[in-house]
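Look for subunit A in each of the two complexes below; its partner is subunit B in the first and subunit C in the second.
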Partner chain A sequence: MSLASTFYNTLVKRNSVFVPAIFTGAFAFSIGFDLGITKLWDTWNKGKQWKDIRARYVEEQ
Partner chain B sequence: MLARLPAGALKNVAALSGARSTSLNAARSLPRVRFASSSASSSSAFESFTNSRVTLASATLLTVGSIAWYANLYGTLPFIGEVHANSPAEEGLHPAQYPWSHGGLLDSFDHASIRRGYQVYREVCAACHSLDRIAWRNLVGVSHTVDEVKAMAEEVEYEDGPNDQGEMFQRPGKLSDYLPPPYPNEEAARASNQGALPPDLSLIVKARHGGADYIFSLLTGYRDPPAGFEIREGMNYNPYFPGNAISMARVLFDGLVEYDDGTPATTSQMAKDVVTFLNWAAEPEHDERKKAGLKAVILFSALTAISLYVKRHKWSIIKSRKIQYNPPSSH
Partner chain C sequence: MATVHLSKKAVTIPTTVRTLSSGVPVAPLVNLAARGSAGSGHGHGHGASGPRSDVPPRWAGGVSRTSSGLLSKTFAYPPVTGIHQKSLLHTSAVVRDAPQVPDFSKYEAKDPATNRGLAYLMIGSLGLLSASAAKSTVTEFLATMAASADVLAMAKVELDLASIPEGKNAIIKWRGKPVFIRHRTPDEIEEARNTDWKSLRDPESDEARTKKPEWLVMLGVCTHLGCVPIGEAGDYGGWFCPCHGSHYDISGRIRKGPAPLNLEVPQYDINEAEGKMTIG
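Moving on, here comes the complex of A and B:
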């Protein structure tokens, strides 16, 4: 079976599979995308954010 | 000149009138001669160039574009004079553009600088300026830890109440209290500053042309007035302030505060830090906003690309179809 028809038969064919697949896909994508952007953001702004300088000021109990 | 016929329209008229003119009188044959000469083959390329709508559109675009470019470059329309009541000095010197650590599209605030800037605000500016949009809790996780902010808030007395006797009472500050104002009201603030009101600084970076650059230039820009500049008693010369005479004297001098991270407290360092702090106060959402903006740009460009592709995909059938017509063989 080609990739496209495997994709169709496992995910798209039944609505009971298709709709949950969209929901979980959207959920997984948003988390993954957010993690990726945060990683990029933190690398770009290394040393400038509060979490980078916080350790200098907290007193551990 | 403006209303143009499609190229070659005149030629058709000439051909038509030429064909018919044999049966008409001499007066009607006059136009034919003119049309015939204007449609000579040697000039037809030039004619179709001058008659084309593309030429008209691009000439218009060139004209409008160069006027707009001139107006953008010099600030006025060409060949039209202007009269101003104000000299440029009276509008205030334009500040230079400084390379702020949060200047770029993806740059967050420098939070160590916000922390130092808070110290400068607290020790210097807070004697005259309120910051009433900022509560103690806003500093938590931005420039100070919870414990530090709680301790700072507790040093200030706030009026609260009424208690069960119906009386107001004093209590130490809490995280939810707003930063204390230096004066109880506007009249008191003016009375202590020779009639001038020190503005609230919460949104000052957004409220002034030039924003952070302007306030930095203002704080570091004090100097002696040029010869011949009359300045009233109690006013100070600052070329960046509109009108050039400001009631606030120079407040930042080298070594005025002592930073706990060991940064040398020069005038420009303190000015940079306090302006970064005030910029944060005016835009506390700044870091999150830029991050969300990055996400939005990526997602929306992907969605645009997908919808353009889907449109081409769906239309490919319509664009590439051929319609064939077979006339009935007998009728």
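Moving on, here comes the complex of A and C:
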């Protein structure tokens, strides 16, 4: 059985599976998207953020 | 054709029942204004009741009844419409279902299952993105109603626990209200914990009201009418409201008097490592 048929038969065939799969996927996607964008932001602004330069100004007791 | 058979059998006679010797058909009882039967057309799903819609207008002619029979007049001569069959030279043309339609077979999907899977994948992906976007829209909108970080920072009070000796009360102002903080002695803790709290007016255990037994933190507002109770007073060694005589015990629970509820416990955190308490 091809990949497309497997996908159709496991996920799409029943709406009771398809809709929860979409919502679960949306949940996972939003977390992953958030993590990815934060990572990209931190990489892009490396050395400019407080958490990067904190060690230069704050001395741990 | 035009012979009437007199018999008792019910027959449907044609509207033209007789022909004159001149060849004109005679139909004396034809009602030219007859309407169709009320209801749904004439019984097989099309045609509305009422007069026929395809009757030519009066100016184009029409049928009238005269004394000598039906008279049909036509004043307009519409062009003849209909199917013109082309005579091709072929003796036998190739029979095709729809000869004008090009052959699309090479554009069709090779495998219907793949096509279907791809279509549903796109549907699902769009639904996933839409659900994610809708969730973000709602949460971000709700977040605009939340207090900002500077407001939250202003709404907190931090104090040094070492400044309150054991057995002493401290009253601080927090969000415009007094907050009682009592550093309780072991005797007071024992008294608060051993009380039969299930029979009180507002049953609440001392464990539920304190995070650490030696520190009791409460809003200093009487739950009756909002006076500020006096500390270390009253019949139960706790607080006493001078306005209407409510007595609170050493855990801030109402024991006597008109107040309906225990003194409210605000949200607070105790940082033991630094000896600090944050209220709010």
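Structure notes:
One rule holds for everything that comes next: the second predicted complex is superposed on the first by the 54 of 61 C-alpha atoms of A that agree within 3 Å, B and C clash if a C-alpha of one lies under 4 Å from a C-alpha of the other, contacts with A are read in each partner's own complex, and residues count from 1 in each chain.
In this section, a contact is a pair of C-beta atoms (placed from the backbone, for glycine too) under 8 Å apart; a residue touches a chain by one contact, two chains touch by 3 or more.
Because the structure is predicted, anything quoted here is derived from the model rather than measured.
Look at A:A55: by the touch rule set out above, it reaches neither subunit B nor subunit C. In the overlay built on the shared chain, the residue A:L3 is in contact with subunit C alone; subunit B does not reach it.
After overlaying the two complexes on the shared chain, residue contacts for A:A26 are found with subunit C alone; subunit B is out of touch.
Where the contact sets of subunit A with subunit B and with subunit C meet, they give residues 33.
Considering their complex, residues 2-5, 7-8, 11-12, 18, 21-23, 25-27, 29-30, 33 of subunit A touch subunit C. Looking at the complex, you find that subunit A touches subunit B at residues 33-34, 37-38, 40-41, 44-45, 48-50, 52-54, 56-59.
Residue ranges of subunit C in contact with subunit A, taken from their complex: 111, 113-114, 116-118, 120-121, 124, 127-129, 131-132, 135-136. Contacts from subunit B toward subunit A in the complex involve residues 101, 106-112, 115, 141-145, 147-148, 261, 287, 291, 294-295, 298-299.
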